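Every chain is named by a letter (A, B and C) in the order it is written, and numbering of its residues begins at 1.
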Amino acid sequence: MILRRRRRAAIASKLWWGASLLALFAVIAVLLSIFWFVAARGFPALRPAILTTVTAGTSGGLLNAIAGTFLLVISGMVMVAIVGLGTAVWMVEFASSRPRALVRFAIDVLFGVPSIVVGYSLYVALVEGLGWGFSLVAGALALAIIMLPYVVRNADLALSAVPRDLREAAIALGARQATAAVSVALPWAVPGILTGFLIATGIAVGETAPLIYTAGWSNFLPSFAPTHSPVGYLTYVVWTFISLPFTASHELAYAAAVLLMLIIFVTNLASRTFVEYYAQKTHRR
Amino acid sequence: MTSIERGRRSGVSPEDPLVKGLARAWGLQRPWAQLIFKLGTGTTAVLSALVVVLICVFLTVFAWPAIRFNGWNILTGTIWNIGNQYGSGSITHNGYSAEPGAQFGGLVFIFGTLATATVAMIAAVPLAFLVSVALVYRVPARIRPLANALVELMAGVPSVVYGLWGMVVLVPWIGTKLAPAATAHLGFLPIFHGDAGSGNGLLAASTIIALMVIPIMVATIRDVINAQATSVYEASMALGSTSWQAVTRAVLPSVRNGMIAAIMVAFGRALGETMAVLMVCGAAINTYPQNIFQSVNTLAAVIVSQLESALTDSSGMAQRSLAELAVVLFAITVVLNMLARGILRGADRSQEAQ
Amino acid sequence: MSSIQDMITMPSESTDLPSVEKLAVEHLDVYYGAFQAIKDASLSVGENCVMAFIGPSGCGKSTFLRALNRMHDLTPGARVQGHVRLDGEDIYATGTDPVFIRHRIGMVFQRPNPFPKSVFENVVYGPRIHGIRNRKQLMDICERSLRRAALWDEVKDRLDRSALDLSGGQQQRLCIARCLAVDPEVILMDEPASALDPIATSKIEDLIGVLKTDYTVVIVTHSMQQAARISDHTAFFLLGEIVENGTTSSIFTKPKDQRTEDYITGRYG
């Protein structure tokens, strides 16, 4: 009896492990097929002219969208760098437990807010309400809000993980609280903080929904005017141009998709390499 | 200055660089700089906390006329009609007016949101668990970094790229192969009964959502297993269980909280996903899907797809009603977040009690 | 345990010298929330003396030590009552800046805790935050401090390498050098050798013997042998109280309190 039950359990075990490996292969296969799909259609479409000319109606190039994506993400990044890092530093270094829990809760909720809700509220408040029109600032602010929880949570975790005795060493040498935070805690936490920034960058590069009604779309190179001047970006091209009935616009959509994947791939790789290098260089304990 | 600040051990001259240094300390070390630093970071924290409040306030204030005009119809009504833009006069309700014939029922979208997300989660949760345990216990250590990197890369693929793939590969396949076959042979099951549709619809949307949330869940579950369940797995094996029994009876219970957290985050993502869903859902208005292949629409997708036509509503009520839908979506995700916290806290407490 | 008593003879000579009072602790209470960790402790430390705190773990000796340079200011929920006088001035008096206190009373911790920076940057951390920018001056301070900490010869060729590349004992001497670089008058040491091997421990002990010519040293140790080897005065802590304090030789050879005798003869854990 027991023997038979054992044998049955052993067979069940094998079958389930088989199923789990199958699931893993299936997921990776779908992922690779998506990569292949994007690469096979995107790279042929990626003619040099696409990188050097702007969009003309439903064809032309993507220079405006590439420049716009970088401009929006970098501007959003600058906003979130200050606010997000400041928030995390305050939570870890200065806040007492109740206000800290409150801010943490707000950040957690923000994590769950769908990006289209962020985009539409900024549309209502800035684009319509303040009359800024589709603009760089509205788009960048939308991205900054999307990035904020990623930046804050990672910085929060990284700063909280700074060994207590390092902080104490600094304090015992006469450092004040903020001095210890800036000179000891922040450098120690750099890899974690940077991971948050790079994850956030990847997310921001790939966002569409919050930008449609804040940044708008433009066929021209971004003007750098903060308001009243729409900005183009890559994800818009993928979404809109694939639905148009022209081969040229389809090519642009695929080219934009492959560019997006490349940017995200490079960001991902760069962050891993840097974090690994930095961690190895500084934390050997 | 008290004498503690001045009093130095005799033999150290007041010209000692350290003594002079104390008087004019490094920038940030000065007390007023400390205060500014603390106030500055505090201000940023207040800003961060306010973001979510402001989003809610902006939307609610903007949607207020619609909230008054629509009443409960936004939650119970099925018809979304911005009204006759060329007719004369207008209809008024609770003091707010819209074009004649206008009604803004959101139930179709609420249903679509919950349906796509739920179907996606039914597929994604078991798959994500299987993938996670395979990654932790069965993938050889040599290629594990590669597999992990692939999973993380998958989480980073933009939603429009998933949407693009869905539109060009998945939807035609469902529309021409899967759906006709399923409705023809398995039509006796209610979920396959009826018109096969074009491929754009509930199944396509749910599949894409599932693909998008699986890597998010796998990353979390994998980390939780690695952090919390290594010893129980070995302990269970040492007691003579099969390795799969160790997974279901030892690992799964000990990562339950992590699983719940991962599922809640993924469910929130599934409810709010916009672009990929919009590109494959068929953007139905005023109808419910009769089977799993037919068109649906979600709250997030309808905000994008209907805004352009809403802008033509000269009374502005359509735009405000879309904002009201955004408020509903916001409320659903916040409630979900609270629920997750409640479950996790309850689980913590019951564990403490044991 | 008789070996401890054998060891005493050497330092006892110096303890009979009259010395100026450097630190005076009067009726000190420390609370963590509702828990009272230190009960009405009073103590006096002479200038250029080595004072050792001994006692079983959890007896409050580390808590007491940390009260001497206001480290409890950082612990949420910790409260200190009573007076700690440095050269007669109360360091807990209102308006006294803890930064100046910590500048004059340095601290070395149980585990070596160098910053993840270069050796040089570790040593000059204090001077730097206190406003010294001049590279030449910083270099002088660095060399002087490392020499005093008996580490210069071992690290002079790798000042720019990460401090974390050093061995545990070197790291701890680096931490001492880092503490010396701000030129304190009193050095507090919280079991500075407990994480180190015997050879590194003896180097630290030798160093303490040298340091006392320029500084006043207060050291917490869990090892009675260590206290006997290096200290002039010893205080015995039990359950948050100072049971007995006096010259090291008297504590170890003719303790007045029964509990002290029980402890040094090994009857407590």
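One rule holds for everything that comes next: a contact is a pair of C-beta atoms (placed from the backbone, for glycine too) under 8 Å apart; a residue touches a chain by one contact, two chains touch by 3 or more.
In this text the structure is predicted, and so the values were computed from the model without any measurement.
Counting C-beta pairs in contact, the chain pair with the largest number is A-B. Chain nearest the geometric middle of the protein is A, using mean C-alpha positions.
Inter-chain spacing, taken between the CA centroids of chain B and chain C, is 53 Å.
A separation of 14 Å divides the Cα centre of chain A from that of chain B. Each chain gets one centre point, the mean of its Cα atoms, and the points for chain A and chain C are 48 Å apart. Among the residues of chain C, those touching two or more other chains are numbered 99-100, 103, 129-130, 182. Counting partner chains per residue, chain A has residues 175-176, 179 touching two or more of them.
Each of residues 26, 29, 31 in chain B touches at least two other chains. Chain C makes touch with chain B in their complex at residues 86-87, 89, 91, 93, 95-97, 99-101, 103-104, 127-132, 134, 137, 141, 182-183, 185. Contact residues on chain A toward chain C in their complex (touch as defined above): 96-97, 163, 165-176, 179, 183-184, 187-188, 281-285.
Residues of chain A touching chain B in their complex: 9-10, 12-14, 16-17, 19-21, 23-24, 26-28, 30-31, 33-34, 37-38, 82-87, 89-91, 93-95, 99, 102-103, 106-118, 120-122, 124-125, 129, 145, 148, 152, 175-179, 182, 202-203, 205-209, 212-213, 235, 238-239, 242, 253-254, 257, 260-261, 264-265, 268, 272.
The touching residues of chain B, counted against chain C in their complex, run 2-5, 7-9, 12, 16-18, 20-26, 29, 31. Interface of chain B with chain A (complex): residues 26, 28-29, 31, 33-34, 37-38, 40-45, 47-55, 58-59, 62, 127, 130-131, 133-135, 138-139, 147, 149-154, 156-165, 167-169, 211, 214-215, 218, 241-245, 247, 265, 268, 271-275, 278-279, 300, 303-304, 307, 322-323, 326, 329-330, 333-334, 336-337, 341.
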